[in-house]
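What follows is a pair of complexes built around chain A, which joins chain B in one and chain C in the other.
Right after this comes the complex of A and B.
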């Protein structure tokens, strides 16, 4: 199938055609931040953006989500499962790193002895319309990741867009993506020069990512250094605020609480994003805490992404979006941390040379 | 569509037994409201369940009853936080949510043909009670060899399941050694911490498995004794606790390295634990 062209002035038409079937999410601007929001007016869409502050993960795994509702009537209790799982979602303009993170989330929620049926249903009902990054951020390092991370990676979306200035080159990637494009019969065919320009933009974008993080065998490198004093150094200035985790597209931890509507004898059990950076996250009822200081908590975050997740799923638990670097209030930089860890290996080799 | 992972089954409290003088440990006997839920709750000793007081929250509790005790399930709960306190305020007839069974449980198949040394301390005896009740049941007793139960407490008013212990003591095929930390008037059992009592009982490691549950200090000292008695790390089983929310390996917090206590445990052998970071 040939690529299509979506002119920017046709976005309204595009939105009107698709919002009939989907909750249409797109990048919008709110208080100066880019945020993926369900839009009701295509004018809200921001075309010129780098990436959202909070990853679009929150559409399928919101920061607060109902697990079930209940009614209490004396000794009688009635439990109602959630009933909004048939809703269809479309995420317009999702960046390749965030689209790839959906795979990581799915690996985790859909595997093991128990599956998270709420996430799985939502993910199943979500269409991703990805958009290549022509101007990656300084903190981006997707090309350092072993999955073939690239500012124009297309593999994880249904439809891929390349911003050609006044129009988008539109390519269907999945069967679902093809079905959608087929329905939009008014789309014009792309010219050979459009495709060539897209290829050029993709190459240019790759060159713009100057940061190269050496992640080769990172899991192996981490293994013998669990008790290394480096973790103390890394965690020294950490505030334990959890920003890195809350803005991470691959973090999945949550808390569960009951939220009551006392006046109406009902309530709901909800889950809320949580993070291993908080002290109370692991504190036992007895007061004992297996990860009692920042040292253990910072180490857990790094090891989860670069050792535990790879061990369980055969891939790194990071997508290289750089949000944790950008938003850390004390400028802790994941790239520097990795670099320090990698240097431990070199140190060892140097010691060996001296010893012989 | 069935959305089951987070939804508890409703049960009714059939009986409540106060287990100690302080009245902060109670055993709750629960009966499923739906018969199919009862049938689906097919568990092994050593597994746990998420107990819900609807409107207060949920917390993981080891199953104290044995699968051989049909018709109801039991949980022994110490009053500690929000949910357990709400549980302690509950009355017979109240509705309680149960989600489970969860976790791996004691490896009852692998234990067949072995001598079993059950070592418990304090109120961490619930899943050990489940195991002993299971093994001594007429249907199962022939599958297992010698059984030694060593159970320690601070004082005799803290000893759980006193009736069950008396019943086990009367049997010729179970050795029961009860101990309290300091001597008390009228106490005819042993006196001293669990570790030295294990040493004096001196179980043979030959074809044996030691199964332990108790406070960290008891585990640590008893591990040393078992090692002295030539038990290999693979012959020592322990049940861990970590803070949990979901119990199904999704909420994240109970991880020890790349393992989750809720789905990969709570039962681990000392050999497995030796390979894991000490984050428990």
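Right after this comes the complex of A and C.
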């Protein structure tokens, strides 16, 4: 066992040692919201946080990202790739649900026939230092997920921290994590009682998660209900905004646009977050929209996460972070939606009128 | 200032009770096919717009200081049912606080709503709690229960109880609101329940803008940029706005692209300022945009200034009457044009 102790007063040292090699991202406060940002001063780090408003996926998959720039010279087009791909990133304090979501991002960007070089490079250069949740939110339901979601799940990070009050118990999980800890020779060894306390905190955190969402065989349950009136019911108060998707750690859709600088014969190709909740997401050039109302769009969000995703990648497309529940302006609670879906088997859902 | 008549919680309960009764009777007597109201949220500080067609479900309706969504947003385009291949508009009863009623009147003037199909279940509103501000001030402490008692908002967590003074923690737009219940425009469509329908009198008070107005253009710009910097372009503000009913928003136009869709500050600011200009003289200051914003941006900071300009230049307050045409729907020879080049 190579567990170490990082005292909270040693964070500055920890930061100084690691920020020489990495862009050091940590939870900090901006406009009253917790965000993962590159910090330049360890004083900016917020240690006592529930979770960030926008998930840390934005570090490897930003809201706006330049794919390449180009210059136009007559009929010649010269493409210049983005050249900051060698940068190294370290995400300090990523929560287990968000760390797990990186696997889902990899499924989308880094598997199959078409792979995303930019994401792959960035992900390869990113170290995750996870931090267990001692006080999960009321809306958290990671333990309901079949991947073994847990407020202290360690599998998806390089180094895992458990907050013991005045210090962190530090455990290396990956080879890279071990290499980093080995370099920080000044870290003290953990005592047996520290490890025991971490185990206790982990158990306590698990008990604190009161939300249980029944996701067993959800993909199977959804299969025969593509045209069920339930979709009308769950979409009727939906505003059609992108809050749920933009704050979701597993949503990966993006739009690609060219920003043309006509006067200087140059431009850049940019990708921006997009979401299936927007009406123009599926609008064809002809004007036809196969997902013409919010019924189809709400349905797509649920089916994608709980039916298509399991079919394509063998796992659910949700990590149980509860951000969509927290921030939906009309409180269209995912837990309630799943509960209604699970009830489809048991009872006949009343047909209701919908707002379009 | 919010004038409170007695206990807020008690007043809300009374309103809720009468509202349910009215809604029940409207459905029972088949005066409406559908009631749009608010249901209890699943998490503290929330409420959920609810669509009710059965009398038995009327009991799910609630009324409290967290019912923030402007329900007028759901009736444009009109809710219809298909009978014999024809779209027949439904008769809809809408639980309406002052700003919802004003929205409906304004939307009717813009020919978006046919008030003949709408029953305005008018209720008197004490103001909506600024949940984003409370959340931000509590920082990383999770609220488990929120209640209003006398003139205080009480937030309870696992290991804390914090109280906030009700008047101070209302949405900014509610603090200055004088129109608590829907204006009576036609006795046919208004069913006012509970509370007082009297609007507090007196001049509109724009003193909250004084500080910003005294700033230099550079400082003003800086304030706007800082205000909008957390924006993720999720468009919750637009989608929550009853006046943003365009089939295709200017920012979604892509043949050609009119506006940058990026999260570059220049694009974010131009989106919000242009959207604000589009709701000038139409905005009813419901604060729905601010309540919807997941990042907690107070967008009414921008629309508030427009409200003042419209009031001062055109002596117009939106959604108050049918007789006066909104300034953006009319043109008069003596309209002030001192913003035009050459008049300075």
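Criterion: the second predicted complex is superposed on the first by the 342 of 356 C-alpha atoms of A that agree within 3 Å, B and C clash if a C-alpha of one lies under 4 Å from a C-alpha of the other, contacts with A are read in each partner's own complex, and residues count from 1 in each chain.
The working rule: contacts are C-beta pairs under 8 Å (C-beta built on N, C-alpha and C of every residue); 3 or more make two chains touch, one makes a residue touch a chain.
Small disclaimer: the values here were computed from a predicted structure and weren't measured.
Aligning the shared chain A places chain B and chain C next to each other free of steric conflict.
Look at A:272: by the touch rule set out above, it reaches chain C but stays clear of chain B.
When the shared chain is aligned, chain B comes close enough to touch A:77, but chain C does not. Of the two partner chains, chain B and chain C are each touched by A:255.
Using the contact criterion defined above for the overlaid structures, shared-chain residue A:290 touches chain B, although it does not reach chain C.
Superposition on the shared chain A places chain B and chain C such that, viewed from the Cα centre of chain A, they span 90 degrees in steps of 10. Of the two partner chains placed by superposition, only chain C is touched by A:236; chain B is not.
When both complexes are overlaid on chain A, the residue A:118 reaches chain B alone and has no touch with chain C.
When the two complexes are laid on top of each other via chain A, the two nearest Cα atoms from chain B and chain C are 5 angstrom apart. Note: residues 255, 257 of chain A belong to the chain B contact set and to the chain C contact set alike, using the contact criterion stated above. On the chain B side of its complex with chain A, the touching residues are 1-8, 10, 54-59, 80-81, 84, 93-95, 97, 216, 241-243, 245-246, 248-253, 255-258, 263, 277-280.
Residue ranges on chain A touching chain C, taken from their complex, read 30-34, 46, 48-50, 53-54, 63-64, 135, 137-139, 236-237, 239-243, 245-247, 255, 257, 259, 270, 272-273, 275, 278-280, 325-327, 329-333, 335-336, 350, 352-356. Interface of chain C with chain A (complex): residues 33-34, 36, 41-43, 46-51, 53-54, 69, 73-75, 77, 79-81, 90, 132, 135-136, 140, 142, 144, 158, 226, 229-230, 232-236, 238-240, 248, 252, 254, 257, 260-264, 291-292, 294-297.
Residue ranges of chain A in contact with chain B, taken from their complex: 67-68, 70, 72, 75-77, 79, 81-82, 85, 108-109, 112-118, 121, 226, 252-258, 260, 267, 269, 271, 274, 276, 281-286, 288, 290-291, 296, 300, 303-304, 307-308, 311-312.
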